[in-house]
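Input: structures, listed below.
Here subunit A shows up in two complexes: once beside subunit B, once beside subunit C.
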Partner chain A sequence: MKEVTKEVLIDASNRLLFTMSDSEFNLLLEEFEIIKKQMDLMGHIEGVDDVEPMTFPYEVEVSYLREDSPKEVISKEEALKNAKNVKDGQIKLPKVV
Partner chain B sequence: MSILDLTIKEIHEALVNKEIKVSDLVKESLERAKNNKDNAFEIILEEEALKKAYELDKLEVEKDNYLFGIPFALKDNFSTKDIETTASSNILNGYIPLFNATVVNKLLDKKAILIGKTTLDELAMGGTGTSGHKGITFNPYDKTHTHLIGGSSSGSAVSVSDAITPFSIGSDTGDSVRKPASNAGLVGFKPTWGRISRFGLFPFAPSLDHVAYFTRSSFDAAILLNTLAGRDEHDSTSSFKEVEDYTHFDEKIKGKTFALIKEINESIKDEVLTNKFNELINKIKEKGGIIKEVNFDTKLLNAIYPSYIVISSSEATSNNANLDGIKFGPNYGGNTYQEVMFNARTNGFSNLIKRRFVIGSYSLMRENQQETFLRAQKVRRLIVNRLNEILEECDFVIALASPSVAPKINESSDKLSETYLIADNYLAMANFGGEPSITIPLGFKDDLPFGVNITSKIFSERKLLSVVSEIEELTGLRNLSTKTYKREDK
Partner chain C sequence: MNFEAVIGLEIHVEMKTKSKMFSSAPINFSDEPNTDTTYLDFAFPGTMPVVNKEAVRKAIQMCNALHMEIDDELWFDRKNYFYSDLPKGYQITQQARPIGKNGYLEIEIDGEKRKIGIERLHMEEDTCKQTHFNDYTLLDYNRAGIPLIEIVSLPVMHTGLEARKYVEKIREFVTFSGVSDGKMEEGSLRCDVNISLRPYGSEKFGTKVEIKNLNSIANIEKAIDYEILRQSRLLFKGEDIIQETRRFDEAKKETILMRVKTDAVDYKYFTEPNITPIKLSKEFIIDAINSCPELYDSKLNRFLNDYKLERVDAEILLNNVSLADFFEEICKYSKYYISISKFVITDILGYLNKSNLEIKDFNVEPKYIAELIDLLQNKEVNSSQGKEIFNHLIKENRSPIKIKEELGFTVISDDSVIRNIVTGIINKDSSLVTSFKNGKTRVQGFIMGQVMKELKGKANPVLANKIILEELNK
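So, the complex of A and B:
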């Protein structure tokens, strides 16, 4: 496992597209001392790595595919209603090139 | 006593008997919502609720519809068409959904009346009720505002415990309804994962998220499940399993086996709470219940919280990737589209939520995944296996819902102690396995309530609610709220 340093935490936050203040990173670094100890508890369980990861509470088998037909369609105006920067019926973003 | 202080079932009878009009009921509910000082509401929908109430006044009360004209509150992480929905996060300020969550449509179809949307821990990611963008939500049992109500379904808990509404909707990913229910003296019920559609609920950690709710009796919880349960083609994880009549209470304590998990009991040190719990266990025995003490495995129980935090934070990072300030939410500008997103997320999320996201991001790093995310999912399997083994031998698991009454705001605790790791966090195991799980009020300490939790096998809601109804008779705390508690106290 990666050692938890301030740089690693900054990298982790950048991957999620946000940053925090210096003092927040320091606070999180302190919190990680406890978090790491808590995470270690997962490794104390005998045979833990011998089972398959569980991704849902119980096995759900769905053996059909629904028809791929449009049902409730929203209008263009509705789709753009919550965007703050709209021009000519499209969401406007800074130029890429 | 006001009719609004009664349970759904009793209010319904009063409406049928013309003892009260829907508009008078709703007016009082709105007045109480406006006068409440616990920071429970994101928005109070006075105009809309009154309009609906006057419409219902003109109709005959539907005798077979318990929810006709009943006011309710909704956690602000459920989509409501044309009503701002922020999940108590600044990144969603001004966001107005285009559709209703399925549970909202089902309740409105039954002519229940939405009076307001309630505060929560930001994006439902917290258990204290202190991290929403409107500040701390307080416990109505403590007028000094010293104690938490807990979260994340904080405002919904206030709404029912302060008798503003007889029920409210919340969501439960780790214990976000069942823990505040303990702090607020309420019935907090999370049915089986898949039993209720989650379409329109803002996802936090979908493998653990449940629609859940607060009421003041198990019968009311059954009334709601009759309406809310069922397959929804908008939610592929909703179950096809047949919906039963959950109000048909024909199961009794007699002959049922209750598992007492030794390690959970031993991790709770407060004598007032444990004495009250032991009293209840004796009463269950007197009613013919069979009590069986079982060992779970301390190492597994100690690992519930870390595996919960790893799984939920990791799932949350991807589920909240759509919050980018472009399609909705405040736009803080930027020179590139990446900067637009970066600025929106930096300004829109609070520091607490960012720290949770960073834990998720760290857990998902390729170098860490084996020992964090994947291991947490393996721990989850072992915990669920053990819980299900116990539920094969016993009908129910019963334990105090919390090691204490509502903690003080900013009270610190030892995050590596068994009291914290086990007693304070074991409820998440029913999110891991999706089992139906209910908290009901058990007693008081220093005028603050605390609850007991009962969990059963997946899709056994009818049996659970039926037996819990008999347990309510043993606790004597059916229909508890600040209104009824004060009355008894005097």
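So, the complex of A and C:
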């Protein structure tokens, strides 16, 4: 596992556009330390590599599928409410490609 | 040529459902931008995806048409990437367990059949539609979440023609089964081509080039043929093929570099935690398969054997499933199947093409077309009268029998009436018989013109012709 250092966390927070204080970084580092210890503990369990990883915490089988009938629709105004720039009823972005 | 092209195709098909893949927002192609959306399509926190039953049924129908193994448990995955066309930051797809795998379809080239292997078919959601301008981009989320199926062929095709036939067959399946409109020009069927070259006999694949943005089936063939030529030239010159994405420039008829591919993108796939595995019952799968509308090959067989159509006519009708359906609707009211097929192809299709309309815009009821065909076949009207009735029918959509009565159309099929006129003409000018016997066949046409003039165009032309020949040969 990649070692989690303060530099790694700063890099991640920059990429995710989060501003974090020093105390928050330290708290996160402590949490990662705990997680790492737990992982190490599990790593020592005999035959752990032979266990198939689970995706869901419990095995559940459903058969529900939604009927194909349009039900929920929001107004154009509501759809565009959070957009910073709108043009001709569409969300306007600076061109990135 | 010393190189063999290896071609694989990825086809995305927008499924024709009423609501989206994971939300119950409506789908209407002609709607204003951003009016067919709901909270899930914008990835509002707390919204949860719920799988559309009809999309699953349609995917099963396609799997069946492509002879695939169908997974009876649905699993979805997240494909993570950050881009403006998908507000969640990931697309829900089926990476690890596609609904269908290990299938094939058959293409025919010069009378020879070939199986093209298909690796997988999976369901996913479409992204929003981006329209790029010089310095900005507009986003329409009506398309975000429309159910898609992606069909991935094995890299087993070798020519542009094979690839075209393959796409034509897929298009035929999706349109006949009602899974999709399959319109490449409108983006409801999209095709990406992967193509590499290798020396004949070599097992190792060459460097792969991807061609995107192909908007017609004809262009798929042209783009591949050009790409084979371009790569061969480079290899002959001893140059390397660069792994890149290209697009087809329709005007220049060549592929143009879009971007060079560096390392493969890591989408960090993982199981979609918001959709628990869904078990499909045997009954559900069988019912989906059994309710699939009839596909092309079976329809073609029926058109040839039940309606006794000529192959070329059957194929023209089946070029467009709506036209084929319309033909069959007419056949419910009249038994002159061959005449119906000719009428649909010549008169109806001719009218539609001339007016730039589609069959769905044609407002005449099938039973009235059948009535007109019966009038023609029973010689109650002649062909020019039939054409005039058809012109009224297009505008008025009402009974051709009534139109015929109102226009006062009758056909004179009385042998003695026609024969009297014919003998009158011949007796008046004895040179006609001599000229005819000397090989001047246009005499026949001249007399026919006179008969028609005399009877104001109402003579039964078949009968009149027969009588003219009899009298001239006496």
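Rule of thumb we're sticking to: the second predicted complex is superposed on the first by the 59 of 97 C-alpha atoms of A that agree within 3 Å, B and C clash if a C-alpha of one lies under 4 Å from a C-alpha of the other, contacts with A are read in each partner's own complex, and residues count from 1 in each chain.
Please note the rule applied: a contact is a pair of C-beta atoms (placed from the backbone, for glycine too) under 8 Å apart; a residue touches a chain by one contact, two chains touch by 3 or more.
Bear in mind the structure is a predicted one, so any value in this text is a computation, not a measurement.
In the superposed pair of complexes, A:19 makes contact with subunit B only, with no contact to subunit C. In the superposed pair of complexes, A:60 makes contact with subunit B and with subunit C alike. Of the two partner chains, subunit C is the only one touched by A:88; subunit B is not. In the overlay built on the shared chain, the residue A:45 is in contact with subunit B alone; subunit C does not reach it. Residue contacts after overlaying the shared chain place A:8 against subunit B, while subunit C stays out of touching range.
Shared-chain residue A:29: touches no atom of subunit B or subunit C. A count of residues in subunit A touched by subunit B and by subunit C gives the higher number to B. In the superposition on chain A, A:37 contacts subunit B only, with no contact to subunit C.
Under the contact criterion defined above, the residues of subunit A that touch both subunit B in one complex and subunit C in the other are 55-56, 60, 62, 66, 72, 74, 91, 93-94, 96. On the side of subunit A, the complex with subunit B involves touching residues 1-2, 4, 8-9, 12-13, 15-21, 24, 27-28, 31, 34-35, 37-39, 41-49, 51-58, 60, 62, 66, 72, 74, 78, 81-85, 91, 93-94, 96.
Subunit B meets subunit A in the complex at residues 94-96, 98-99, 193-194, 207-208, 233, 236-237, 239, 299-300, 302-303, 305-307, 309-310, 317, 321, 324-331, 334-342, 345-346, 349, 351, 354-355, 357-359, 361-362, 365, 367-368, 371-372, 374-382, 384, 415-416, 421, 431-434, 458. For subunit C in complex with subunit A, the touching residues are 17-19, 23-27, 32-39, 42, 50-56, 84, 131-141, 271, 273, 276-281. Taken together, the subunit A residues at the contact with subunit C in this complex read 55-56, 60-76, 79-80, 87-97.
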